[in-house]
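These are the structures, in structure tokens.
Next come two complexes built around subunit A: one with subunit B, the other with subunit C.
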Partner chain A sequence: MSPRTRAAEATDIVLAVSGLTIEARSGPKAPPKRIVEDVSFEMRRGDVTAIVGESGSGKSTICLAILRILAANVDIVGGSIVFEGEDLTKMSENRLRAIRGQRIGIVLQDPLSSLDPVRKIGIQLTESRRLHGIDNRKSAQVWATQNLASLGFADPQAILKSYPLMLSGGMRQRVCVGIAYSAGPSLLLADEPTTALDVSLQGRLLRLILEQKEKYGTSVLLVSHDLAVVRNVADRVIVMYGGRALEAGPVAAVLGDPVSPYTRALMATVPTLAPRVRTDRLATIPLAANAGVSDGCPFSGRCSNEQPRCRKEMPPTVEHAPGHFYACWNPGEGGEA
Partner chain B sequence: MIPDVAVPTVDHPSRRRFAISPSAAVALAWVVIILIAGIAAPLVAPMDPNKQVLQDTLLPPGSVGRAGRHLLGTDELGRDIASRLVYGIRPLLIVITLSVAIASLIGLLYGLIAGTSPRPGEATMMRIADIQLSIPPIVLAVLLAVVLAPGVKSSVIAIALVTWPQYARVVRAETLRVKTSDYLALSRVAGLGPLRSLRDHIVPNVMNTFIVLCSLNLSVAIIFESALSFLGLGVQPPTPDWGNMLAEGTQYLDSWWMVVMPGIAISLLALAFNRLGDDLRDRLDPRFGTP
Partner chain C sequence: MTDPAIPPPAPILATVDVAKNFATGGQTTRAVAGVDFELVPGRSAGIAGESGSGKTTLLRLLLGIERPTSGAVQFRGHDLASIDRAGRREYRRNVQAVFQDPGASFDPRSRIWRTITEPVWMASGLSRKQRKAAAADLLRSVDLPGRFATRHPHELSGGERQRVAIARALSSHPAVVVLDEPVTALDVSVRGSIINLLLDRAGAVTYVVVSHDLTVIHHLADDLLIMFKGIVVERGPTRDLLESPKHPYTQLLVSSVANPLYQPPIDRDDPAPIEACPYLHRCPEAMPVCSTLPGPTNVDGHTVRCHLYPDTEPPPVPVSVRPPSNLEVSP
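Moving on, here comes the complex of A and B:
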């Protein structure tokens, strides 16, 4: 690769997270618990990056950390989040306010609680545009009408005047997508956007997110635990477990040729509809999940490839193939995967 | 573009807002009648409320005395009960509106400040409100009546002092609910500052509950006001007052109308305010308005 293309690529990086470490305090005396440790990744303009992992692995926390809207007892204690050349972890609240909503949008998991029940859809949809001075009250109305049509609503005028409870969950989530994209952000955080929806609506919503992404040239960080979705829509994937990134790389490489035993175990748990492969019980990963981050590899104790040092020392991150990273002492094939 | 599967059934706003149930209509009519009667007492009352006709004492309802027909009877001094009830509306309405206005405003501000403060401040504020709630209302009222002269002023202050923590607690709880909601987090994401989110999200969300609580508390205030007057701690005789009349009537239980008439008046008005409060909640809160 010539130095020139390398430089061009560097400016194309929208978000660079490095060494991100987050702690939660549960009480004044209890020691803080690490919930995310040393996570690094980069996102290029227009890319879809997926974070997969089970509940409690720190996926959503990363989203909230990027926007600095973590709960009061959760702090970023290390690392940096560089967004378009500026470190969000060191930014003042005032400067952040200009970036939130305008440069970074977010779609949360639950459309039922994402909208203010006592304010009309039209006001909520255009809030960002008005706050950031993109539109005044009148032009926002025009924009909202056009935008609702592109979000797939047949009767924008009626929707603008209705309250959230008059809409179904799927419609509300489409409104939320509209809000997240309203100011044409360069980064969209989608925190399990389809989890609360009916299976038949999930594909439709994802398509909507991707359509809008093309329209605005946005990069999307998709948090999901649906591997099928990730395989279909993401360019890169990060596999998280117990607050650590255990494997990361291009989707085809990571899901097609997983190196980490955890990725393999995760893929083995996906239920299948193929009759011949179906067994009596759904596959699970044995034993319970580790709580929090320990000194060693978080997956030790449940891993089929475990070695003595796995429990004592976290393996370093190694490049397996260009752009494909993993952290494991003993990645060799084997186990039940 | 993705076509829409179902067009939402958006309830027509005009239909939703103006449909009123028969019981609420009756309650509203009653409150309006009482209001008008209270304001226009001299025009509405058939007789002078304080005129004593000692030959016509304790006449049962409907009897004709020297001053004319006594629709609701006369009391032990021969005064017309109907007229006294009409004149008794004014002090009652003054006390309940003032006390609810004062208590609710204090409670609203207190609850909003507590709800948006960090934990230690919030806890301290709410413990203070709890202490206030733990003092028995009547004891406090007696104390106030002794310190200030008993009358409209002491009643207003006593009722406001006793009821403000209710508003504070409800407003704080609602504030916390909104503060921890996803949509408030999203409004921060949209770039809203803390004061704007208080104005645009927290206050409007708290308002519905608050207004309903105010209207329901009007009936509580009626009961309180009557109780204070009943004990001689409120409006002082000879000014006609429903609680006073009830207290006087207990001396003459053979003349049942002296107790029953003011009793019915108090109960009906309290009931009407209660029903109106319920109705208000149904139409104010969009959470109750979904088909």
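Moving on, here comes the complex of A and C:
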């Protein structure tokens, strides 16, 4: 624990998600499916928190829930999302509109589909500032011209007048980062921001996200499946599977000394450049029929450490080391089973 | 490493000084220039590079989907442009492909058995009943239940569809399977199992794997070609190339994989003049001589196109250095 007082610490918390539970309805008769269940975490000002997991783990759903832009058949059924002291789950649409784009920015995976193809970059880049009354048309232009250089563009005037299709994928994603930060938000949601980019452009975009974060004092929630990116960028990491947070803590602790069998399995399955014998197979995570949120642990059925009660009862979240949490009945190697 | 006493086996697929240009709005884009590439049986090759490097165009040339602007693509020594009917049939049977997006590479209205047995059916003309039986066998060979044969592509997950695509590619017992970003569209936890599936079958076929992800190539390919703006800047045994990259661009790629936040010494992306080394503007080692395109030289068993390595010994394969015809325009 840091020597800070509790009061100072409380104001330092930008986002506090507590017991968040989200359900998806697939039809009038079908029972709703839990896609996120009892997820809690806190983000401090200026911190980078990463959520890792496979598709369907609920990691992107959490981003959408924070902005309250979930699909029409998806509802927040429990828990709270307290952002700068206000519960977003209970907020009116009017109040939310003031927060979206101004206090909370978002960068999505695909820069192709997140920009409007028929509007010029200059207009899209400054939209937030104008809508939220930070700038008028003229001052927004001045801001954009000055700001494009820090986004790594050599010729701001030409870029402002371009349409998205005139820019490369890497340039478009940098514009998206610029838009997300344009109103100086306290929270940036980045949902797989570099997945669609080449390795040589990935570093540049990640550095840009971190530079701008420093500039505005923003906290970043990074959703990624790339453990190498998470290891290098994030302060804390949450490992999700089947809608549950199975492990969370400082990056060095979780990825260096993973307790949950799922975290270990996920780390083993990722291809690396480590020396290997030509025919070496990769470790895999076996598929199981009952993956998904049920009464028991969502990883039961795929887990090598499984015990009978894993299928019946979700294990409680336990603190393994200061700030390092896990939920598992039988962590085995790495934990204190 | 191959014993120099034993002559190397004849290549199955080869390109001879192949080039491909695309005309875009009155300008010509150089997609692939002066590539010499030989694929010998049993030595899978990987092609890596960023978007616009020409890796996909090279793959399409190898598959006969694109015709070269100049140079030739050869199957067992025969130029694809002048191969006879029987030869083309043999080529089609022996060179199969698995594409990035298994959702887009299947006919959405065909049941799996129809899609999966198309190569064998084309080659041997089976009855409907035989095709269905063959489909079930093929599905089981990639660890999928035989009952998937009657399903439509949308009823399968991405990983299952990619298994089907692999089964389809292997069904005609090809010598070569070309893999275009075989796991990029798949979930992390599924990637490993698809790579394992491909590794298990690596004895019978030789792969050409194209990916922007060096870790995937590292697992599947014996040799590695690094492409930049249409040019193969470095080529050599995969492990060796990753451990001691010679070309400054290869060095950048390897550093970026090891550290996602790696900051290259020069971070700009305006294209170099067409007659210059394509890496000129991004290269920390750029010299006056780099305003000309370097020829390939042999450096510690790698073939490198970089002026840092002057031509001291002749390259293993002679390559004509021809200034490509026009300017690369990136939109």
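Everything that follows uses one rule, which is that the second predicted complex is superposed on the first by the 321 of 337 C-alpha atoms of A that agree within 3 Å, B and C clash if a C-alpha of one lies under 4 Å from a C-alpha of the other, contacts with A are read in each partner's own complex, and residues count from 1 in each chain.
Just so we're on the same page, a contact is a pair of C-beta atoms (placed from the backbone, for glycine too) under 8 Å apart; a residue touches a chain by one contact, two chains touch by 3 or more.
Values in this document were obtained by computation on a predicted structure and should not be read as measured data.
Judged by the touch definition given at the top, the superposed model places A:110 against subunit B, while subunit C stays out of reach. Of the two partner chains placed by superposition, only subunit C is touched by A:54; subunit B is not.
Contact with subunit C, but none with subunit B, is seen for A:228 once the two complexes are overlaid on the shared chain. Once the two complexes are overlaid on the shared chain, A:321 sits clear of subunit B and of subunit C alike. When the two complexes are overlaid on their common chain A, residue A:204 makes contact with subunit B and with subunit C alike. Once the two complexes are laid over each other on the shared chain, residue contacts for A:270 go to subunit C alone; subunit B is not touched.
Contacts of A:169 after superposition: subunit C is touched, whereas subunit B is not reached. In the superposition on chain A, contact is made by A:154 with both subunit B and subunit C.
Across the two superposed structures, the residue set of subunit A contacted by subunit B and also by subunit C is 152, 154, 165-168, 204, 207.
The touching residues of subunit C, counted against subunit A in their complex, run 50-52, 187-189, 191-193, 195-196, 199-200, 202, 212-216, 218-219, 222, 239, 242, 252-254, 256-264, 267-270, 330-331. Subunit A contributes residues 54-55, 152, 154, 165-170, 194, 198-204, 206-207, 210, 225-226, 228-229, 232-233, 265-266, 269-273, 275-276, 278-285 to its touches with subunit C in the complex.
Subunit B makes touch with subunit A in their complex at residues 1-4, 6-11, 13, 181-193, 200-201, 204-205, 207-208, 285-287, 289-290.
Looking at the complex, you find that subunit A touches subunit B at residues 67, 69, 97-98, 100-102, 104-106, 108, 110, 113-119, 124, 127-128, 131-132, 149-155, 158-159, 161-163, 165-168, 171, 176, 179, 204, 207-208.
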